[in-house]
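Note that chain A is present in both complexes that follow, paired respectively with chain B and with chain C.
Up next is the complex of A and B:
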């Protein structure tokens, strides 16, 4: 072996190793990552989706609560009296001012069983809002929760973190094995079978690579203290102490079991507003009814005030002893000063959340997020397209069976999830308004539809399953505005007239996705027709089923 | 969409189409003309210059850091549009590039 050829060979075997890593790591992670990406991308517009999903909610945006001191104080009073009667033995309370999507006094509490509860109170009456005033729904937040925890709490956060790590590995290994990254930079060869899938996979990844690297990395950094707890655990017997030193805040007080009434929160709220020199928006009480009770008031926060800021200013907060009103800590509004590491994390959080630049930044993130989802989907499909032409026999006699499982999971994870997402909006309009746990039923419905799609893809030949699921998606998407008109009386023109651009945007976007899906359905139909004409070219996976 | 954003979108699209046309494969789909090496180099330099120009409105509107993030985002999104156009309607990809340069100049004059 000459000296010249050796490095080349080593480079090749390195590339092959990376290729293996990319193929199998990518495949296994692609189903979960597609879910994370699709739901996260939809979640960019969570507020607008929540607004569309709650057509009964009165619009509060036409009065500006930030400038109405009396109404804010009144809201705190109503919130406190409701909580004192209905949730006296809770672990914590929180009272929030109305928002554009939640037009009532927002109450949250952890009950005796430490279960999270919430309700909305009518601003005028102080009574919980009825179904006629407010449709009980998780709205767009459902997608955000799917995105970072699959509605599975801490286990979900770990799962998302694990697969995000694999994504970073797949991105880096993908760059290494892509030999023609610059030569093929602008290349997408359509209607060329496997070639097109590879081009689509490469283009969606390469063109948005900075975004994909950034979003995966910042996603991990947001949960830094969960994913990498060792440093803190090694140096602090109580991790709370680390955070209290880091954030320059007093330690949380342990419960004493000694009863003590919570003072009038509205008085503390007003005092906090004076100390901060601005309106406040949110108030939390830890251990209400216990002598250790502490309350914290948070300064008003409007996204527009921080337009363009990656390192967002402090909104300000004041902490009181809730039993006697003594001030425990004040963080004045203004420049963020918790040190460089915390500032770096804060910047990454804000970059990840896409809320630093209004709608133009949201749309950019939406397109790049969809490109990311497309990268996962085309990668997973490419895996099967390659092997449909010619089996690579990775699993010996079981190969065909494993391929079939992969194909079924591809269909369920990609088109199945798309159908589940669009069904969620239909369920929002169809589930009766007055049933208990309505919001939960919407989410359950989402998962049931997804499960049905999984069964469907397991029962049908692959091409037919793709065709049928995208047909369902097309119908549900294109008919969504019609269904909305029939169930609520709202449609594009009425939204337009009302100046409700969020809902106009939502329905138009759904229609665009319906049309793209229609294109896909027509493509799949042509494919099925050509398969019928040439039965000898039946795909391997269909031969199995 | 702000003026700065429109300006940046137009310039990013124009710059990326410049880079793509400097590649014989994509030029072929648009015209029978062949570019000499000097012309290719000139095209690349012009595209690089336009790319940097596209950052300036972002910088002035959002500041250096945020502006950079948005500039990279605009670059990605306009590139996706360009690749789709090059694949399905290559002639329009170029026509739109010229339109974008025209739009950017008009926006600049209007300021």
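Up next is the complex of A and C:
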């Protein structure tokens, strides 16, 4: 670490300081950033993954509620009567129309303890859907949640923001230390150990640099008001006042404690549809049962209608007093008109979510995101490869021990996470359907597998650990379609016949990753064999290089 | 007086993360006071630049590499910008 404080010539010392910042900032953040990138990249296809993970739902998803007024109104009625009986003292309710991946009346509420709850009701009966018609799963949303909050709520959001800032700093310092940025576009020196890792790191970073900068910055901007509250705090004693002025909406009403019944929501829903001149899709009630209750109805929204729009139109909404049906606020559908700064933020959000141009944009983001993950993985491995050849002795007598910890974390964060992700799909098919909190068990399973991988990488020599974990990944990936056929009867050909391209794409992608991993396994095997042959030359070097 | 190396590194890292965040916050307060827009719009517009400002501040700290100069370089502008920003906002309203 001592290079940071050595006195050197001004110019060189600047580059050296940036080199230090890039190396250590990058290393410390690489494990978390790899997790954020891999899960975010998988999450690009969250809907298709959810669909594959809920095979029972596929059978009942054949409807288009946007054009069926009676069914929509009926869904609101069923939703309200369920919530009134089962969640009377909640802080909020929400009722959503079915979607392709969630083919029932979607109910959400924050219960008395402020815990978030949800359930799906059968459209015909108004009863919670059984396991036979809806597999209880987080589906692809699990990856999205890992991506921005690690399933840890506000603490997770701050953690992701913190590491994303390190990513920005590492990108900028990485550009500064890079002397030959254009030449490295075309450089890849194969089978040259450390040079190859460096070239791989540079190529994946430089080729996709604009994307990496964009995705980091727009990601931070999504939580702008959480990460950077200074401007609001300095000018408003009540942040709600700021949001109400900014968005031109009435202030939220505080709970009064005085009881008041919620009126028939389906009537308000219909009135809102007439006022908006379009179908509505979602309805939320704040403080149901209290005299301060307010409800908001949101206009129908189909992603396809907004393709090519980076500044997406308003979908429209109407807000009512939920105790008497008085209109409190109307935002008509149409051009977005909340001012230039908010429009800029909206564009950045939409750019981050990758849902403005269908599958072509999604695949582009998937490839770019994988390149980002590769940049972090190769960076972390490069750090170790460099030091395995010649220890830089940064931590004095503790150096070897610190290197070992870094190596273990590298393996657990990279191949360990890959195994956890693929296991999540196996768990989806293997965990019994009628178990309570099934969706939570799938996610717990994901973390348990990851933890086992961490122990495994701590117990095994590095090259063996890499080899074994990628072998597990290869098996689980290549056998996934077979396992799916055995457990659900679906496979590539049947998906193909049904025109279920999302599931075809999912299984083919898993197979491609399985084959790439197989290549890696064979490479590691050759490595291990050559290490056995020349033990005296490479003492103690459990190299992946 | 020369502090031991790990301690100096820690002071630098804190100057970059905490000092940099304070500086960025002050810069937002100042910018949102002088940007000629309605207050809520001015706040959003200035905040949108915050992560670029923060990045630049962190890089600057590691270029300076002296924890005392780095901390002063963060705190003095923080007080000046923050104070000026608050003052201008109060006077305007």
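Following the convention adopted for this analysis, the second predicted complex is superposed on the first by the 522 of 545 C-alpha atoms of A that agree within 3 Å, B and C clash if a C-alpha of one lies under 4 Å from a C-alpha of the other, contacts with A are read in each partner's own complex, and residues count from 1 in each chain.
Methods note: contacts are C-beta pairs under 8 Å (C-beta built on N, C-alpha and C of every residue); 3 or more make two chains touch, one makes a residue touch a chain.
Remember, it's a predicted structure, so these values are computed and weren't measured experimentally.
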Once both complexes are superposed via chain A, do chain B and chain C end up clashing or fitting? fit
Output check: A:518 vs chain B and chain C. Expected answer is one of first, second, both, neither. What do you get? neither
Looking at the overlay, does A:217 come into contact with chain B only (first), chain C only (second), both, or neither? second
Could you say whether A:14 touches chain B, chain C, both of them, or neither, answering first, second, both or neither? second
After the superposition on A, what does A:371 contact: first (chain B), second (chain C), both or neither? first
For A:275 in the superposed arrangement: first (chain B), second (chain C), both or neither? neither
Quick check on the superposed pair: does A:260 touch chain B, chain C, both, or neither? Answer first, second, both or neither. neither
Rounded to the nearest 10, the angle in degrees at the CA centre of chain A toward chain B and chain C equals 90
Between chain B and chain C, more extensive residue contact with chain A: C
Considering only C-alpha atoms, give the closest distance between chain B and chain C in the superposition, rounded to the nearest Å. 19
Check chain A for residues that touch chain B in one structure and chain C in the other, and list them. none
Give the list of chain C residues in touch with chain A in this complex. 5, 8-9, 24-26, 28-29, 31-32, 37-48, 50-52, 54-55, 58-59, 62-63, 65, 82, 85-86, 89
Can you name the residues of chain A that touch chain C in the complex? 1-2, 4-5, 14, 17-18, 20-21, 165, 168-169, 172-173, 217, 220-221, 224-225, 227-228, 230-232, 234-235, 242, 245-246, 339-342, 344-345, 348
Show which residues of chain A lie in contact with chain B when the two form their complex. 183, 185-190, 203-204, 207-208, 210-211, 308-310, 351, 356-357, 360-361, 364-365, 367-368, 371
Please output the residues of chain B touching chain A within their complex, sorted ascending. 1-2, 5, 16, 19-20, 23, 25-26, 61-63, 65-66, 69-70, 72-74, 76-77, 79-80, 82-84, 86-88
